[in-house]
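Report on the following structure.
Chain naming follows the written order as A, B, C, D and E, and within any one chain the residues start at number 1.
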Amino acid sequence: MPIRKRRPLAQPPGSLVHRGERRTEHSQIRLIRYDETHCDITKLDAFPLEGVGGENAQVTWLHFTGLHDVRELARIGQAFSISNLTLEDILHTGSRSKIENHESEIFVVTKMITVDEQKHTLDVQHFSLLLLHGNIVLTFAEGPTTTFDPVVERIRTNIGGRIRRFKADYLTWAILDAVVDNYLFVMDHLDESVIAMDERLQIDATEVAVGELYALKREINQLQRVVRPIREITGSLLRDSSSLTTDTSLPFFVDLNDHAIQAIEKTEDLRESSSSLREFYLSAMSNRMNEVMKVLTCFSTIFLPLTFIAGIYGMNVKMPEAELPWAYPAIWAAFVLCAAGMLWLFRRMKWL
Amino acid sequence: MPIRKRRPLAQPPGSLVHRGERRTEHSQIRLIRYDETHCDITKLDAFPLEGVGGENAQVTWLHFTGLHDVRELARIGQAFSISNLTLEDILHTGSRSKIENHESEIFVVTKMITVDEQKHTLDVQHFSLLLLHGNIVLTFAEGPTTTFDPVVERIRTNIGGRIRRFKADYLTWAILDAVVDNYLFVMDHLDESVIAMDERLQIDATEVAVGELYALKREINQLQRVVRPIREITGSLLRDSSSLTTDTSLPFFVDLNDHAIQAIEKTEDLRESSSSLREFYLSAMSNRMNEVMKVLTCFSTIFLPLTFIAGIYGMNVKMPEAELPWAYPAIWAAFVLCAAGMLWLFRRMKWL
Amino acid sequence: MPIRKRRPLAQPPGSLVHRGERRTEHSQIRLIRYDETHCDITKLDAFPLEGVGGENAQVTWLHFTGLHDVRELARIGQAFSISNLTLEDILHTGSRSKIENHESEIFVVTKMITVDEQKHTLDVQHFSLLLLHGNIVLTFAEGPTTTFDPVVERIRTNIGGRIRRFKADYLTWAILDAVVDNYLFVMDHLDESVIAMDERLQIDATEVAVGELYALKREINQLQRVVRPIREITGSLLRDSSSLTTDTSLPFFVDLNDHAIQAIEKTEDLRESSSSLREFYLSAMSNRMNEVMKVLTCFSTIFLPLTFIAGIYGMNVKMPEAELPWAYPAIWAAFVLCAAGMLWLFRRMKWL
Amino acid sequence: MPIRKRRPLAQPPGSLVHRGERRTEHSQIRLIRYDETHCDITKLDAFPLEGVGGENAQVTWLHFTGLHDVRELARIGQAFSISNLTLEDILHTGSRSKIENHESEIFVVTKMITVDEQKHTLDVQHFSLLLLHGNIVLTFAEGPTTTFDPVVERIRTNIGGRIRRFKADYLTWAILDAVVDNYLFVMDHLDESVIAMDERLQIDATEVAVGELYALKREINQLQRVVRPIREITGSLLRDSSSLTTDTSLPFFVDLNDHAIQAIEKTEDLRESSSSLREFYLSAMSNRMNEVMKVLTCFSTIFLPLTFIAGIYGMNVKMPEAELPWAYPAIWAAFVLCAAGMLWLFRRMKWL
Amino acid sequence: MPIRKRRPLAQPPGSLVHRGERRTEHSQIRLIRYDETHCDITKLDAFPLEGVGGENAQVTWLHFTGLHDVRELARIGQAFSISNLTLEDILHTGSRSKIENHESEIFVVTKMITVDEQKHTLDVQHFSLLLLHGNIVLTFAEGPTTTFDPVVERIRTNIGGRIRRFKADYLTWAILDAVVDNYLFVMDHLDESVIAMDERLQIDATEVAVGELYALKREINQLQRVVRPIREITGSLLRDSSSLTTDTSLPFFVDLNDHAIQAIEKTEDLRESSSSLREFYLSAMSNRMNEVMKVLTCFSTIFLPLTFIAGIYGMNVKMPEAELPWAYPAIWAAFVLCAAGMLWLFRRMKWL
């Protein structure tokens, strides 16, 4: 997760400058308006100067992609009277996940996380949501994402009938639920990685490079940093009543909070499993070293005396017994007895 | 413990889909109705469309087995007006242990845990309980279980007389107490495993495979994840008064809370004992390696100089002393003296 | 500490069954009644059916030994109208240390701990105390104990004069203070063990078996489990005013709470000291291995080239220089120079 | 971070004595006065005896550099009626970071931290800020610093227009925000060090000296000690309303608090990353040792039997088979077979 | 820190028995009485039966040295009506640091700590302070100490003028501040030990005995046990207003509390530094072992094949190539090539 880049030093706060990677060529706006009977999905390249803050009865969801386009964002900010500090938090991809639960607006900053299957890395994307009076929901993402496709699909097809009947606070729930589902999906992925790693360690720990274990640890840590603050957000939505949320959607926020707690607990479990893996790896490696030492010891211990005996009879000294006719077979007998005795000893001491 | 599977993406919340393993062929319903004088136990294959919500004076306990049978569950849900979100929590085997203590219902989600003696693994089963007005208790389990047999037995035989005299809140207590007893039984099992492992380590640490220690750790971690949330449930039943619980059963809930705390503390103790075992194992292994190193060192240290002396007199160089008649015995004397001196030295340095 | 044994499955709660070891042949009752002027100590084999709940002005202390005698205990329970759940906690030697601070009674469950000097183990005994209106104190122990002898002695001899002048709440304090003193005595014992072990490790770590360190750790863990809950008990006696305790004895309960905190802090210190010992042991062992490795390396490093030189001149190949008259002394010179040079090198590199 | 030096023993508290390093030759005062239309920046060598506490409408910022000049500081203290205990905290470079939020003044003690690129060390500087009624802000630093240049620049050029329009509480925010930005800059630097170290470890852990890892740890610990107390300061400014701060600047203090939390979280992440590096280093080193052991073992295991065979046929004993014409090639065949067999074995056992 | 010795068993609480080491031959009393104009310092061997509780306007400070003199202490206790439980805490050198903040008295029990420069150990001394109405401060120490000399000096010389103008609560502050300064002095000492040890480890870790690292750890642990409770004392003096303390001395108690927090934080830092040292030591030792292993491996790996070749040509077998005239130089060439090739290989693999 990138560190918050310092505000360019001579710049006053609230200056709108994009700090972060550019993730899409052109910024895009998806504008969805719906009520129980109608639903209207439009894709725009630029924000229309008028006509958005329509009828209150309709829910308006404006999804903006491409934070690098500061000018477009500034126009949206102006149209919905968003304060500059809020816009700065939306723009600044390094800013902290948080919720600001005011009477006039609910402002959520969080992160989306996706698995890059090729590179085996996690990709973190900055995401903000603004719930305003008049059933308006604004969301801002760095680049294209498929996280919210099911929500859009539900609005379009009106499956279950609930999303079109309910208002903007239910939509807020649906969007944040998609984000948490997103976390749980990444957890599933990491969980599988942990299980796969565990199996490889069980089969042959020496086949695993220690770097792989630490790469896994890094991914889990990264996930945890992203997931940790979500509890604060869901808790506040549940606890701090606001005129922007209705009692009808309260059970859904209870459910969301449950999922957030579950996500945090699961991340803790992942951390512990991954630390268990590293501990196990060290034990296995240390055992292996013991194994190697044992072989070395036994081998040396068998051959050192044999070589010594051979060395004795290699001396250019007058050795009476070496001149006996059965000297050579006798020496061989000594070799075999010595080696056999040692092998028997090692077996008894459970070294082999 | 399986991670919460993502809700199929395009599906609205509250859709009734079973996510989890199918544990029984056919779903089954056990319906028990009792008061102080009568007791009626029926087994049904399908939920009767009428006639369940009988007289208030009687306690009704409906136990449903086989969560895969979503249609049957939906019918029960309709009959008792259970909300879809609640049904989803009942169905979803990955959902979190929790209590929802409302005025109109007390909803408990928890896990049952059993030891699979053959495979040496723990089997976790999803379990939900719903206490409704009119002395109705509904319980839902994934598959067959013997956990509640003693409770059914007590109702049937009326031993002690209390269970039939008291109402649905006492039954709730009896069921949850059976669940916690279930945990303590598994703990007894793991405690024995820890003690057995400890004894094996004390006798000969090298006989223990490091994988066994980590398998034990995994089981204890799994137990802890299941047991940890029980405190929240028993605490809420004790603390948050509800019109569904009476003062008569309060001492029993105090007792249940005590057992829950004890279960959690015992799990902590198990964790610590198991971590102690692993620490001890590492120490023992490292000691053993020291032992091996010592033998290797002493052996090499004794034979290297001897082999060297033998090597000298093996040289094809004119060596005046080698031609002396007593050369061979003298060399042997040198061998013996050299080896004896070293052995004495090693003994004095406590290496042997 | 034994795990709470499961309540036999088909048995209702509150059934009086002794679960635990039988520690004495026959149960016994010691009945003490005193006021400022009189003191009466009686030993009984069975509880008298009448005549115990005498005059209020007198303090009555009934001490029951031998929890296995359930029938006798039930009679006492009946005489003082003790509830079945309370009796179950008294009987059940595995139940948790706790306090129940009601208006009508103060019920304390705790553990006594003693050192078995022969077997070097700790012996934990279940102990309960019940303070009732009418200056009645009931205590229940598993087996014989000397923990309360000083209290009995003080009552008998009236040293200091306070114990006879004060009432049952002061007696409660005196009994619990004896229990905490008991803990501090065991701590003194373990403290000495830790210091003795430390000294042995400082002298020669290899003389210590790793099992001894873990036996010490186990004892300290066991003590901690017993001591930890005492704070809750003393804190509640101090904080929760009850009509059963008077302001006169408050300073004594403040003092008791201080001792309890001290006991807990000291246990923490013991834990840390013991963990320090194990850490030190590992360091010492690893250092020793380094030492051994250094010797092995130096030895091999000196003898390998010497043996090689001897091997060269042992070859059956025409070696011109080997035929020179001063060949043998020259080779010896080479041996000595080579060995001396290496020794000098090792010294400079601080390997020897 | 230097420890608080003891107050010279016979000296009463509140004596103004500079304890710390002298960081600048001469003390200096920078006096800035501004309102929306005017801005006046003066550099002074000595504090003017009159004329500072000018018009309320103007903001006065007096920045004092050079804490060793106690006399000058005392004169400033007198002019603004600062208490001696406050002056002592300003002077004493070892005193703790803290905030004193009184009605009449807000007093902040904190630290600035800079990276010394040459020596690869962190330089910590003591810094105090005093916000007084009458829009007066006094700041005190040990030596010259560039931390506040952007703030001065913003005042001078009036970029954004806000800083000149707002009052002293906004200036306080701007100064403290510069300090926190300063922390985040140092974190960026350490983050880069951690990443660079990680890359070096991944390439070749043996190239890294263990001292480098601990130097990095020390720097991160030092940073953490400086950063940790900032939360208390920003939290108090946010929470404890004072007549010295206005509602207009509240959102800025919320923002500052966010940054402070982010700084603390990031430091935690740095700590964990650095501890991960050390853990990885140990694993890599232990793996390398395994590698070395394997090579040693395989080598010895191959050559010991070969040398033994050669030793046998070097014996000066009558060996019938040695006199056969094909003896020499046969022995070579034995050498090759023996070595090849072992290599094959090692490959199968995955040792090579 | 000595464990609280058990109260002799048959003794009632509040019995005055000295438990601890006798640190001085004779007990001594230093009586100081002062107001703004006068100051009177007297040394007494025994407590005068009358005339101490003089005029309220004067501050009376009675400092008692030599807790073993129980009779003298009892007389002081009687003169100032100190309760027996308080006297017991004063006497009992093992009792816990604490504060009792009553309306009629403030009672502080704490420890003084000094460095024994010769023996490199810390010396802990029990110290109590009692602030009574009528501007009376009583202090009790085990043996002679120089900790309070600066305070006495300030009273005598009236430097700063404050101590003589202020009352007994200011004196209490001055005494406790001297105790905390005392802690910070010991910390400076340990800090220097840690830095010195760090430097030694950086130069050559093998020169450090592992026992030295653990001795340092023990000293820091001992300090921490003494320092930890001071926060509770200073916090209570700050927080719990009492008629014995005036608002004038409040800023001084704020200052004292700051110092106490700083002392605790610094002890934490010391702990961490010391644990870092041990961690570093282990890494350095393990690295060194790697180094040794590498040398051993390279040496064996070079000489084993050479010795084998020499062994071959030492065989008493007909070897055609050994009879060639250039056999000997060719073998030498083989020796050199083999060794050089290996050295080149080791260099490429970065083993040498």
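Definition applied: a residue touches a chain if its C-beta (ideal position, glycine included) is under 8 Å from a C-beta of that chain, and two chains touch if they have at least 3 such contacts.
Everything quoted here is computed from the prediction, not taken from an experiment.
Colleague: Just to be sure I understand the contacts, which chains border both chain E and chain C?
Modeller: none
Colleague: What rotation angle, rounded to the nearest 5 degrees, superposes the C-alpha atoms of chain A onto those of its identical copy chain C?
Modeller: Superposing the C-alpha atoms of chain A on chain C needs a rotation of 145 degrees.
Colleague: Starting from the mean Cα coordinates of chain B and chain C, work out the distance between those two points in Å.
Modeller: Roughly 27 Å separates the two chain centres.
Colleague: Rounded to a whole Å, what is the gap between the Cα centroids of chain C and chain D?
Modeller: Distance between chain centres, rounded to whole Å: 44 Å.
Colleague: Going by the contact rule already set, what residues in chain A reach two or more other chains?
Modeller: Expected reply: 286, 289, 293, 296, 300, 304, 307, 311, 314-316, 319.
Colleague: From the touch relation defined up front, give the order of chains around the ring, starting at chain D and going on to chain E.
Modeller: Ring order, starting at chain D and heading to chain E first: D, E, C, B, A.
Colleague: Can you name the residues of chain A that touch chain B in the complex?
Modeller: Touching chain B from chain A are residues 149-150, 153-154, 157, 159-160, 162-163, 177, 181, 184-185, 187-188, 191, 202, 251-252, 254-255, 258-259, 261-262, 265-266, 269, 272, 276, 279-280, 283-284, 286-287, 289-290, 293-294, 296-297, 300-301, 304-305, 307-308, 311-312, 314-320, 350-351.
Colleague: Give the list of chain E residues in touch with chain C in this complex.
Modeller: Its residues touching chain C are 1, 3-7, 9-15, 83, 85, 95-96, 98, 204, 206, 210-211, 213-214, 217-218, 221, 225, 278, 281-282, 285-286, 288-289, 292-293, 295-296, 299-300, 303-304, 306-307, 310-311, 313-316, 319, 322-323, 325, 327-328, 331, 335.
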